[in-house]
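Two complexes come next, and they have one chain in common, subunit A, joined by subunit B in the first and subunit C in the second.
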Partner chain A sequence: MYCKFLWFDVRQGLLRCWKKLLAACAVMLCLLLLHCLLIYTHNTTLPPSEAALSFTTGDLLASVLCGIPPYDPVAQQPFLFPAIWLLFFLLLLYQVLLYPMENLNGIGQTMLMLSKSRRVWWLSKCSWCALYVLVYFALFYALAALLTLAAGGEVTLALSSYYPSLWEVRNELQPPPWDTLPFFLLAPCIACALALAQATATLWMRPIFAFFASCLYWLASSYFLSPLLLGNYAMMQRIQTMVSDGLPCLSGLVSAALLCVCCLALGCWRSARMDILTFDY
Partner chain B sequence: MEITLEHVSKSIKHAQILTDISLQLCAPRIVGLRGVNGSGKTMLMRLLCGLVYPTQGQVRIDGQLLGKDRSFPASVGALIERPAFLDDYSGRRNLQVLTSIQGRAGLARIDQTIRQVGLDPDDPKPFRKYSLGMKQRLGIAGAIVEQPDLILVDEPTNALDTDGIQMVKELLHQERARGALIVLACHDQSILEDLSDEVFHIVDGRIQAHYLVQH
Partner chain C sequence: MPTLSTPSLRTQLYQAFHNKMFLITMALMCLLSICAVYLIVSSRAESLQLQNEFYFDEQGIPRVTLDIPATSLYCKWLGGDATTFATAAFYLVAFLACSIPFSWSLLSERKSGYDGQMVLRCGRLRYYSAKYAAAFLSGAAVVAVPLLLNFVLTACFIPAFTPEPYAELYYGLTTTYLWNGLFFQHPVLYVLLYILLAGVMAGAWATLGVSLSFFCRNQFQTIILPYLSLLFFHVLWNSMLNNALRCPVQLSPIYFIIPRELTSSNHPLVIVAWLAAIALVNLLVVWRKGWRTDVL
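And now, the complex of A and B:
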């Protein structure tokens, strides 16, 4: 039964939503091109004696996922609003926001009744959500690799040695070479956990309010450096492999896994008790 | 199939929708729910099919407590509020999607049901291009295609012409003859009494009257 439900969700909420993913690709491309533009502008203003900069796939990915350095309100530093980082993650959260409840408003309601299991319905929606996040990140990574190839750069997750100098690093950078693979694997896990948390919230509140709560949570993650705000783990500038006082990737992975388990359990509990009516948005 | 409601009340966000409903329904029978808009007919149907749970009281289906012993009735088909299908799929594909869950109806049965409701199973037109009447017919087909023991139909004659209303009558009588328990909500008293074996008149969420219909 679970597999039938999941296949239905994959077809209806993923394969038939290719336009949504295409729109996401367009946004991702724009975000990645910003970094290309930065390097291009730098290279055009170089004196002839200096070598032109190139970039790797890791640089491109980091340009979107780097976030901001930890903010210290006491030190009277300006808060650098992480617009690109927020846009990337909030776009994903918005794209996974509506499908489960929209589906439950339509044919999904009949299917739920026929399946005779609210738990299976919820597990399928969680699996769909996780799959969507994975596809979103796979597209992002693939786009970055293609763009690197097109620009003649090196397709590797390693960062160029000059790259962190572009950051406004306010704490001590780890010495190169930086091991970026754990971070690039962790970022989709964090996004997946928080997308599941948002989906769980929609079982109690209107989807749009759940999205507002997500926005606040992600914004708080950029403002406060705390392991309880998982968004911190999705910022390259706050990870231990990059900065000396950063957060360890492993604790991020464990926190994400715990959150996923909590969301699954809470959703199962709630979906077994909730009234299924026509939902408002 | 036997459904028992014991002192069932339902409130949503402090609004009392149903109050102290007790009734017993046995197959094969067509049970009519009569009442004006907002009287609680649709909520009662949602309770019967397990989509909502009572705030007070119990719903038992064949002795099993709904919401505790089981989440939904074992064999149910429903058309509640409006026919809900996938917009881009044809009628046949929509029914294929629905029947894929339980696997109780093959393609031949799907095509037969679509013909029974007066539609063409080979019509490739997507659901979104159906007229209101066609959507209603497909909704009825969706409720009966797997020959369930419990059929819940809310205002089944909405948007149907005279032929369509006649078709609904014939289909529901066929389903009763097969042994199904049919619960039918309708605000039109003449249609309801023409179809039903017994009628519950609901006013402001309470059963005001209960009577058998002599045909």
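And now, the complex of A and C:
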């Protein structure tokens, strides 16, 4: 039963929604191109004696996922939110926002009644959500690799030695080479956990308010350095593999796993008690 | 000729200001602004206490420090302090919140066929203009009212020292920032003008959601898509275009409606251009999709 539900969700919410993914790819491409342009303009202004900079796939990915260093209000500098990072994640959260509720308001209702299992319905939606996040990140990583190839860069997740100098890092950087693989694996896990949290919230409130709460949560993650705000783990500039007083990837992974389990349990509990016949999102 | 007192406008305004989405959004934004008051008042009390403990002259009288004007109402209300989370949160979600109250309404009525009834009864011009006006006013209200509330509540706790030019370092304003002169001469007017600016920009942004109703199938798309588009523009402008074009002016409304200068200065022409562009888009959409197509 679960497999049938999941296959249906994959067809309806993923394969048929290729236009949404295409639009996401266009936005990702623009975000990645920003870094290419930065390097290009830097190289055009270089004196002939200096070697031109090149970039790796890791640099490109980090240009979107690096975030900002921990904010210190005492310094009296205005807080500038990490717009690129925020846009990347909010776009994902928007794309996974509507399908579960649209499904419950449409054919999903009939399927749910015929299957006689609300738990299976919810588990299938959670699996769909996780799958969507993975596809989104896979596309992002693939686009970055293709762009690196096209620009003659090196396809590797390692960062160029000059790269962190572009950041406004206030903490002490770890000595190179940096192990970026744990971070690039952790970021989709964090996004998945928070997408599931948003989906669970839509069982109680209208999707738009769940999205509203997500916006505030992700912004709070960029403002406050706290392990409770999981968005911190999705910022490269706040991870222990990059900065000495950063957050450990393992605790991020454990927190994300815990949140996923909580969302699954809460969703099962809530979906079993919802009045689905008069439900209107 | 439609006037402000036409039944259609009155109906739309009633719907816009009496629906659940409007009330919830207004409550959320007001909550955010009240939280900001609480946080700013409590942190200010702590810092003043510290100052009273340690800043004494030889006679034991508390010293008057140069940064006193910077701790005044005009620097500590929601729009005046760009270092707090509440300010960042409020201005970031303002352009999302403005579309929640009523931007979805046209799509909802198009789906149910109610728009056809209304067009037949009161005409396209009256119906669509009332729809846009209601979306504009409700969108403006959910941003301007909480800002005003915050300013008034903060004024209940923090004295309104007149800003002093010698302490301009603390105000985060350059001479090119819009209405900068007013800040030192008539600070209340300066604050009110920026609240009005935030309301007008938010209201205008909310009308884009109404235009999107002609293209979207889901109500939430009409709310979220304009917001994500704005965020995308913000990224493009602040990460690339302003450097590439060497333009010292802030074009992103997320930043230029804040009364404190964040990255670059704002300009009245930019605001007028934004409003004109939004009006043009709305007019084109209504003309192509609302005027020339059969509502039935």
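The rule is short, and it goes like this: the second predicted complex is superposed on the first by the 274 of 281 C-alpha atoms of A that agree within 3 Å, B and C clash if a C-alpha of one lies under 4 Å from a C-alpha of the other, contacts with A are read in each partner's own complex, and residues count from 1 in each chain.
Here is the rule we go by: a residue touches a chain if its C-beta (ideal position, glycine included) is under 8 Å from a C-beta of that chain, and two chains touch if they have at least 3 such contacts.
All values reported here derive from a predicted model rather than from experimental measurement.
When both complexes are superposed on subunit A, subunit B and subunit C sit side by side without a clash. Contact with neither subunit B nor subunit C is seen for A:P47 once the two complexes are overlaid on the shared chain. In the superposed model, A:T278 lies in contact with subunit B only, and not with subunit C. Touch criterion met: A:F212 reaches subunit C, while subunit B stays clear of it. With both structures placed on the common chain, the touch criterion links A:G152 to neither subunit B nor subunit C. Using the contact criterion defined above for the overlaid structures, shared-chain residue A:K4 touches subunit B, although it does not reach subunit C. Of the two partner chains, neither subunit B nor subunit C is touched by A:P177.
Legend: residue contacts after superposition of the two complexes on their common chain; A:Q77 is shown touching subunit C, with no touch to subunit B. In the superposed model, A:A220 makes contact with subunit C only, not with subunit B. More residues of subunit A are touched by C (comparison of subunit B with subunit C). Once both structures are overlaid on their shared chain A, subunit B and subunit C have a minimum Cα-Cα separation of 12 Å. Judged by the document's definition of touching, no subunit A residue lies at the interface with subunit B and also at the interface with subunit C. The touching residues of subunit A, when paired with subunit B in their complex, are 1, 4-5, 8, 12, 16, 105-107, 109-118, 272-273, 275-278. Every residue of subunit C that touches subunit A in the complex is listed here, in rising order: 21, 24, 28, 82-85, 87-89, 92-93, 96-97, 100, 170, 172, 218, 220-221, 223-224, 228, 231-232, 234-236, 238-240, 243-244, 260, 262-263.
Only residues 27, 30-31, 34, 37-38, 41, 73, 76-81, 83-84, 86-87, 90-91, 94, 97-98, 102, 206-209, 211-212, 215-216, 219-220, 223-224 of subunit A touch subunit C when the two sit together in their complex.
Those residues of subunit B whose C-beta lies close enough to touch subunit A in the complex are 12, 46, 49-53, 70-72, 74, 76, 78, 81, 84-86, 88, 94, 97-98, 100-102, 142, 146.
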